[in-house]
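Once you scroll down, you'll see the structures, which are given as structure tokens.
You will see two complexes here that share chain A, one where it goes with chain B and one where it goes with chain C.
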Partner chain A sequence: MMHIDLADHYRRGSSRLHTLDPRVKVLATLLFIFVATILPPGAWLSYALLFGATLAAAWGSRLGVTYALRRSFVALPFALAAITLPFTVRGEPLTQIAGLTVSVEGALRFVSVMVKSWVSVQAAILMAVTTAFPDLLWALRELRVPRPLVSIISFMYRYLFVLADESLRLQRARAARSAEGADPRRSGGGLVWRGQVAGGMVGNLALRAFERSERIYNAMLARGFQGELKTLASPVMTDTDRYALAGWVTFLAMTALIGFVFA
Partner chain B sequence: MLFKPVQLHIPDGFLSTPVSIVGWVLLVAAVAYALRQTRGQLGDKQIPLMGVLAAFIFAAQAINFPVAGGTSGHLLGGALAAIIMGPWAAVLIMTSVIAIQALIFQDGGLLVMGWNILNMGVLTAFTGYFVYALMRRLLGEGRNSLLAAGAVGAWLSVMVGAIATAIQLAVSGTSPLGIALPAMAGVHALIGLGEAIITVGALAFIYATRRDLLGIGEAAPGKASAGWVGVGLAIALVVAAFSFAASPDPDGLERVAEDTGFLERALDPVYNLFPDYTLPFISDPLISGILAVVLGTLIVFGATFLIARVQGRKAETS
Partner chain C sequence: MHHTIEVRDLQFNYPDGHAALRGVALSVAPGEKVALVGPNGAGKSTLMLHLNGILQAGAGEVIVCGLPIRRETLGKVRAAVGLVFQDPDDQLFSPTVFEDVAFGPLHMGLPEAEVRERVERALAAVGMSAYAQRVSHHLSVGEKKRIAIATVLSMDPDILVLDEPSAGLDPRARRGLIQLLRDLPQTMLVSTHDLRLVGEVFPRTVVMDQGRVVADGPTAQVLADAALLDAHGLEVY
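On to the complex of A and B.
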């Protein structure tokens, strides 16, 4: 039984975005992020075009125009890594914060990094919510990701929920036995002791995983496994898929061009 | 809430395109070699065992313990996986974990995934394993030696991952090295303690219950090559880093390097290889620069790989 919603962010649907060939979606997403990354700082028109494209794609997925937008703030904490840019890049002074000079160039660079990251996350979210994970894996295999690696990842995906559940059971058992009070700081012994309990749980989980993998392997052998995973028939790329990819590439190329010309 | 990202996941946009591409090139080489090595080590079992253990690391990252002030200690897992299964297997396990986190949960970007996996998977695995193996040889058998070696390996693995991340951010011009390096190293010196405590706890548990499992990592292939490739990756990282110090951007790394005056000395041998860091037969300085870096990195990696193979043969024949 599944107890947690670590689930798959995939949302079932039959929109144009859902039915697009998974290979096309993977390539389109990677190209989108590539273009977003390579654009120079301050290419506002291109950023706007990319953002418009994510909105259009979200609309095409029939999940709502702002679907990806609302979920796109996961990368926000990492902004800390770039927060020093406005202060450290030398240039025309813009304003003063706490005695430090903010330069125009630095602020521009900071905002650009944030916008690029933000539109990239939206593209990745749209790919994940409109593509079932097995289809995504199939696309990766077709795009020449080594077969054994794809098989390992698909195995991992299959047992992710089982092990996450076991981990959750371990955590519930710990909460039940280590007298967790209202104030978490005052419960369950000293810091090192708490850490060692967590470590013991990890070791326990490792053993369970290890022994489970032995059982799985034996079951696979019993069913005729010979070192190669067989896959079912796969979707065929239609003309619609090809046109969609061609149109997308043209759009991205134009966006990149605009970005470099009008920056 | 339950599965919150570890701080080292870089989102897209924070690394420059050339830096991201170098990361992918290195990752492809590392994973290709890891697949061959573990195939030899595990045979048919490779796929189910690696898959389930990857799910294990993913689930284990959710186990945390409260530390003061609402923060919590948790596990990254690269060093632990390497100690239990050997470094090449750990590379595959961590690659799967980080790839799934990026593909399903958007923890970490796609274009920067190369470096995310190298930082949190490859560098942690090799650092952890290398230090662990070294300390085991020095301290000998026994429980205390195991736990001490695990602790130091785990702590250092997080530090190396954090330092590598700081260098990539600096080279990309996202954060000057003078700030990123002390900040990342400082924060992760503490986070590494959590990693060390959990790793030690896990090793103690496995030592008490299934001591035989710890033999797998010690008997894993590529012990010699692990050390060499670890060193090679470090060198490749430095080459990739310094190559972009030669860019006109006066930021970050170069400023630090100018101040300390070690840039010229450090770059001398590199410049001899590719003058001005551009390839003479390509006119565009950007593309030429990228190619030069990729080539330089590949040469270092290739040389290391060859040395590792020669060493491996020697070890086999002797």
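On to the complex of A and C.
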């Protein structure tokens, strides 16, 4: 049977980045994104430092220096949400595009937002590829993210694949019966009919998901679930983990400082 | 000595009014391995859901290990009866195999060291020790079925109740399952359509149809009764 791997980007490995405590990696990534976010526009030196840090981390993951770099472009279209900045921020006019004035300040802000989101995405990618998803969930739980939220992500991760497989089977069943008759122009049905088929499939999938959720809940009850998910206690952080986190925080603090002083 | 499973005149209607069980009586002695056969819709799964209190009896009584199933006894009953569902994707709901096998013991409130030890023992019992850190989604049906059994073995139950353990298995995985069912020491009630499996593993067979027990006796005798099997839509291959 075919499987769907929607979100599993984890790459097995034993590099320093892989073996780092998941809590450290989650914290480090969040802090990284936080610093990237608060940096003022045009703090190029700081941006360069952050970019350098992602390259160094990628090198440390032994997945190749440009591993995250190459994959980060997927997220760029989202940064286009900032596309209006060059036109709406008031300032010295730079040029005109289609009758709209582009300001210097606006362009600067736009490029800064692009660069900041681009390095942030790289950091997030590195965290995701060097941390197995269950470890990531565990780290979130340890970092006091509300339990129900972590449980929801956990179940989603487990059953997204199962549901995707189910929809794949439905689609295959439809394809297997989508034959062509004697007159090819009349095959395939009208738009409305096809819409009905697709709608039926979605409804079918929703019903199946609902029924499955009841069976899963029963399976949980059968094993003693009483309303609160319990997990094993956490192993302690090693000194390596602590030093890594301390070093990272120092680096980010310096980067932020440089950004504000030399902006 | 009490019987391990004692079901008396059990009746159950689903919320839509459909009568699923119409007076089931059944007793299983400690250490006995019993097969539960019958056509789809006979009430086998419904009966099994009663054995650890997922469904509450409409009328009649279910007693497990001497404990009548009530709200106060649910915790003990669920520790005593390991119920394994038919679809392993329902049974295995945690991100990793280890967490799934640890789920039962953890929710019984056992200390951590013992939880780990039990997980190890349960996975070893089904021959899946190497799979602890694997993600359930990537396993084969046969592997999932074995781990599903481990998820209740870790609770150290007296009774194993398995719903269609051999469904969807290829011949080799099925052979492995038969060996496993033979080796496990627990009292067993296993529903299945696989009558050859019944013949190989279970000395006693209970036949259900339309919410009632219609036959109950030594497997050889039940499987030799062609008229009985035919009347209830069963076939020995």
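Basically, the second predicted complex is superposed on the first by the 221 of 263 C-alpha atoms of A that agree within 3 Å, B and C clash if a C-alpha of one lies under 4 Å from a C-alpha of the other, contacts with A are read in each partner's own complex, and residues count from 1 in each chain.
We adopt the following convention: contacts are C-beta pairs under 8 Å (C-beta built on N, C-alpha and C of every residue); 3 or more make two chains touch, one makes a residue touch a chain.
Keep in mind it's a predicted model, so treat the numbers as computed, not measured.
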Contacts of A:154 with chain B and chain C, given as first, second, both or neither: both
Chain B versus chain C as contact partner of A:133, first or second or both or neither: both
Touched partner set for A:97, first chain B, second chain C, both or neither: neither
Partner chain(s) touched by A:253 [first = chain B, second = chain C, both, neither]: neither
Chain touching more of chain A, residue-wise (chain B, chain C): B
Partner chain(s) touched by A:146 [first = chain B, second = chain C, both, neither]: first
Touching partner for A:162 - first (chain B), second (chain C), both, neither: both
Which of chain B and chain C A:37 touches, first, second, both or neither: first
Partner chain in contact with A:220 - chain B first, chain C second, else both or neither: both
First, second, both or neither for A:124, with chain B first and chain C second: first
Chain B and chain C contact sites that coincide on chain A, given as residue numbers: 8, 133, 154-155, 157-159, 162, 212, 216, 220-221, 225-226
Contact set on chain B toward chain A in their complex: 2-3, 5, 7, 9-17, 20, 31-32, 35, 39, 43-56, 58-60, 62-68, 73-75, 80, 84, 92, 95-97, 99-100, 102-107, 109-111, 169, 173-176, 179-180, 194, 197-206, 209-210, 213, 250-251
In the complex, chain C residues that touch chain A: 49, 52, 54, 75, 78-79, 83, 85, 87, 89-96, 99, 102-104, 106-108, 112, 115-116, 135-138, 151-152, 155
Sites on chain A touched by chain C in the complex: 3, 8, 133-134, 137, 154-155, 157-159, 161-162, 212, 215-216, 218-226, 230-233
Interface residues, chain A side, partner chain B - complex: 4, 6, 8-9, 29-30, 33-34, 36-38, 74-75, 77-78, 81-82, 84-85, 88-90, 109, 113-118, 120-121, 124-125, 128, 133, 136, 146, 148-149, 151-160, 162-164, 166-168, 170-171, 184-185, 191-192, 194-210, 212-213, 216-217, 220-221, 225-227, 229
